[in-house]
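Look for chain A in each of the two complexes below; its partner is chain B in the first and chain C in the second.
Here is the complex of A and B:
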């Protein structure tokens, strides 16, 4: 109570000016440091992307530019483009599901095992990082083609009927899961390592079972890494090109392949741009989830 | 230190003198005139040019020395070379290019600008032996070709069942579901030209209707009939419409016995058979009512070449019987000259695949519409009204 009545000592004017100057200088340094990267992003990404968005809504009638959503209407009314969009979304989500199924148990194992096998597994899990997608695609084709290695193997154990997964949706999923394993495992193990051993031990001390620890402590704490894996992988998978191009069916096709075909084979620039904008909006939604989860963490740390 | 520098200077002077003297000596001895030949092909062709054709040419024409330049890929592509030649024409400079593996028809404005030399029987005598319809412009010259054929495994396809016409093939696929494949039309010419053949089938089997340039809307309107035809094959394509993604992927399915019939490029298939990549039981055939399309590799001579005489001698040599036989024997290509000018035993070896003509597809907008239509109507399972 007494402190309230005391007059707060006014800071010396000199000190205030100095602090303001320092803050301004710091801000200036900050802006200077981010300027080059901001410039690159603006020039090479935002400017052309904005151009695409604008061009996709402008239609020329006798030389007069008018605003029109006709191209989007065309896209959404065309069963082929809609099928390709739906196909891309389902392949993306299925691949994500398989990635979690494969990577989450692996990450748990890598986090809680200190054996020598674990480090070997870790190394193996990172291996796909060093294999270019195009080499992977051809390796998978050689492996899964009819009368190839895989069919010989399963015939050996008595399974006679075989239909190769490549040139089918399954081929894309196999390739994409393989290709995205290392990144997913890296993020998930990093997330798991952030969980303090002390936390788990104290839980065990008060009698928590392993299942309880998993569902009450690990799963809730893994939300953010899982969200990051989901959003970053979503964007990469949705826009993937090489593997769907080499391993996928002739129809339906994923958006990346479809866009390239619209541009390169059909020579239809505006339709390709419209497809690109639609893909961009969908990926931006996933990007928003990522930014939101990261900034939420920042706020939490403050 | 000084001694070292002196030695260096002496060496440089000696080197320069040696170069200068050799230059003088060269002009005095009249060394062969260099002939700049540009090629864009894959290694199989450029190896053949380097190891077979050029030595033979230089032996027959000791006054010329052939300098083969590969103009593949980006940046130094044949189009860049053509631009350079055009620039040289405007400034009266030496383009350092005498023969190009290039079809001037791809840039008609340069033909109009008078960049290319007209080639006919007068300056290249062997032109008289060319197959009918192969030479498509006064300024281009075909010298080897390949054509799309039907390849089949004679172990599983009886001689009597080998399709003679396109409709025969449609019937065969119905009786042998899952045993035929052609690749996606944009992923390789062996599938692309098969689709073109389907378009010919529904437009009166007259390839001459399709001319380069602006497409005829009446012909484009006939495309849906071709899709209907190909839809009949679709359910019987390997693995319920699993179209391979390249020429070689198709050959691989044929090689490992997954399918018994496919549309294939003549040169790829012939080479694969001779190398044992395809089993010996693979035989080739061509439709007898109208062959499938193919294409020729074309040559062109820039008007401002400083060695036109050498260039004409080179292209005439390529059309000689000796080299045309080598085209068939060594690279599995088709000759640009008439088959009956080749030895009888070579002819009989290829009887089944010799077509009276090689229909040439103009591509361009016709091709873009074709690929689009194929993907939207044949490959897809969506039914459109």
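Here is the complex of A and C:
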């Protein structure tokens, strides 16, 4: 029996050829099926973005293209654009700080409490997922406007003076925190749930206090979720448009609003492109952190 | 510790009142933060939403009152007058079908392009597969408005500005990541042994796909389609930058209504109508959250 079932040496190369042919056919089908979607990425993301980057460093002298950083010099010498850039960065970082301040305690609470109040808190904190930004902007205006609901509420607890945050930087921050609350909480609680209960129990068994557990176990393990929250939110906040446009002051403007105005109202495509490329570069750092941490995780899953 | 003190309490038989006070103190210690968070969230999350809902059904609402003085149906002469006025505005009458139509076209196109690709990513081995899969992250890796500005420079040259095809294309970009990643993960999750068992008992590959594979991935596919449709329906920034002034979807009209807010009710009523798809999605919230679909697009 053993002698019969032993493969004769002749067919082996045939199998190899067949397998190679099958692999090639599979690859060909694979490429055909993924091609349209990759084409969309190439034509609608890579090509326009690369074009803008290239055009932003080229000037034409009598029809001859030469390398020049003139457009960037224009941007950085313009007090308005510099003010807008600084404003965007500070709003982005302030919003991130507030988001962590609000969401980290909430996520910790949700991780370690199973009470009915905790499920109500979770429900409310995730509710903004189902409120589009444009409706949110209108709702916040109606709520916080002078002689609106919020003023009536704080009058009720005896505070008489009120100045509305709408059309001020505070309005943008309130809106952006509201809008990004669920995502931040989802990522942070997902990270906290990956921390095994057994790990915390065993730390407690060997006499670790709650503070020690927090600083020595929870915080280090929260680095990756915190990194994802920071980098993704940074990009989202930096490039936000709807909420800053509708809730913020007329000046200074956040970069999204500034770009739209430069393009749509002043029809200055080259200046708008330069502003876009500058925001790409600033967000590239955050994007790199994000792609790196995601791809590292996906590799870990394989 | 709690297990140690519990038997003592029962043997000592404290009065009901003492027990109630003690448990309330314990409740506060345990849930103090939760209560604080709950009240804060109730005010800041539900407060704004309630004011929109009240405004939509208000005929007259003056400060200082927490509810409208006259509701829409209480105006004897002209009940629901703001609803009638809102829905006789030409821009709103055009915008609603346009929004629904655009979201349908974009979702359909996205399915057509992405679902076969997702199947290929999950099932076929080819060089560059992992890199291509990651390349869809670029749709999230640019600050939105910056990307729209660079795309509109190209669209100016192609004369796609202010046209429906231009808006379709820009909204399509936003759908790719979800429509590729969620189905890819779903197809990868199907146990190949089930399909092979089907083939072994003589089913055709087509029958195996439609009767075994498809039912298994259907929940994930429907989640992707639902999220894409709702996301596209609310997409305002791209439509605003590319579509203005000819193509004005309902969310784009909201910009104008908010900017020159003459009558508070118009914006509130349009907000309420706009909100319907999101409320529909809210019904599936639990399933979407448990499946991890809402965060899938972020690659987490």
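In the analysis below, the second predicted complex is superposed on the first by the 253 of 302 C-alpha atoms of A that agree within 3 Å, B and C clash if a C-alpha of one lies under 4 Å from a C-alpha of the other, contacts with A are read in each partner's own complex, and residues count from 1 in each chain.
To be clear about the criterion, a contact is a pair of C-beta atoms (placed from the backbone, for glycine too) under 8 Å apart; a residue touches a chain by one contact, two chains touch by 3 or more.
These figures come from a predicted structure and were not determined experimentally.
K.L.:
On the A-aligned overlay, A:86 touches which partner chain: chain B = first, chain C = second, or both, or neither?
P.N.:
In the superposed model, A:86 contacts neither chain B nor chain C.
K.L.:
For A:163, is the partner it touches chain B (first), chain C (second), both, or none of the two (neither)?
P.N.:
Once the two structures are laid over each other on A, A:163 reaches chain B alone.
K.L.:
Which partner chains sit in contact with A:290 here, chain B, chain C, both or neither? Use first/second/both/neither.
P.N.:
Second partner only, chain C.
K.L.:
With the two complexes superposed on chain A, say which partner A:135 touches: chain B (first), chain C (second), both, or neither.
P.N.:
A:135 contacts chain C only, not chain B.
K.L.:
For A:232, select first, second, both or neither according to whether it touches chain B, chain C, the two together, or no partner.
P.N.:
Touch partner of A:232: chain C, not chain B.
K.L.:
Classify the contacts of A:251 with the two partner chains as first (chain B alone), second (chain C alone), both, or neither.
P.N.:
First partner only, chain B.
K.L.:
Going by the contact rule stated at the top, is it chain B or chain C that touches a larger number of residues on chain A?
P.N.:
C
K.L.:
Under the stated touch criterion, which partner chain does A:147 make contact with: chain B (first), chain C (second), both, or neither?
P.N.:
both
K.L.:
With the two complexes superposed on chain A, say which partner A:37 touches: chain B (first), chain C (second), both, or neither.
P.N.:
Second partner only, chain C.
K.L.:
Which residues would you name on chain A as touching chain B in one complex and chain C in the other?
P.N.:
141, 147-148, 245-246
K.L.:
Would you mind writing out the residues of chain A in touch with chain C in their complex?
P.N.:
23, 26-27, 29-34, 36-38, 40-41, 44-49, 51-52, 55, 105-106, 109, 113, 115, 117-118, 120-121, 124-144, 147-153, 155, 178, 183, 186-187, 190, 225, 228, 232, 235-236, 238-242, 245-246, 255-256, 259-260, 263-264, 269, 272-273, 275-277, 279-280, 283-284, 287, 290-291, 294-295, 298
K.L.:
How about chain A: which of its residues touch chain B in the complex?
P.N.:
79-80, 83, 141, 145-148, 163-164, 167-168, 245-246, 249-252, 261, 265-267
K.L.:
Which of the residues in chain B end up touching chain A in this complex?
P.N.:
Interface residues on chain B, with respect to chain A: 184, 186, 239, 241-245, 249, 252-253, 256-258, 365, 368, 371-372, 375-376, 379-382, 384.
K.L.:
Considering only the defined contacts, which chain C positions touch chain A in the complex?
P.N.:
30-31, 33-35, 37-38, 41-52, 55, 63-66, 113-114, 116-117, 119-121, 124-127, 129, 132, 134-147, 149-154, 156, 169-170, 172-173, 176, 180, 234, 236-237, 240-241, 244, 251, 254-255, 257-259, 261, 264, 267-268, 271, 274-275, 278-279, 281-282, 285, 289, 294-295, 298-300
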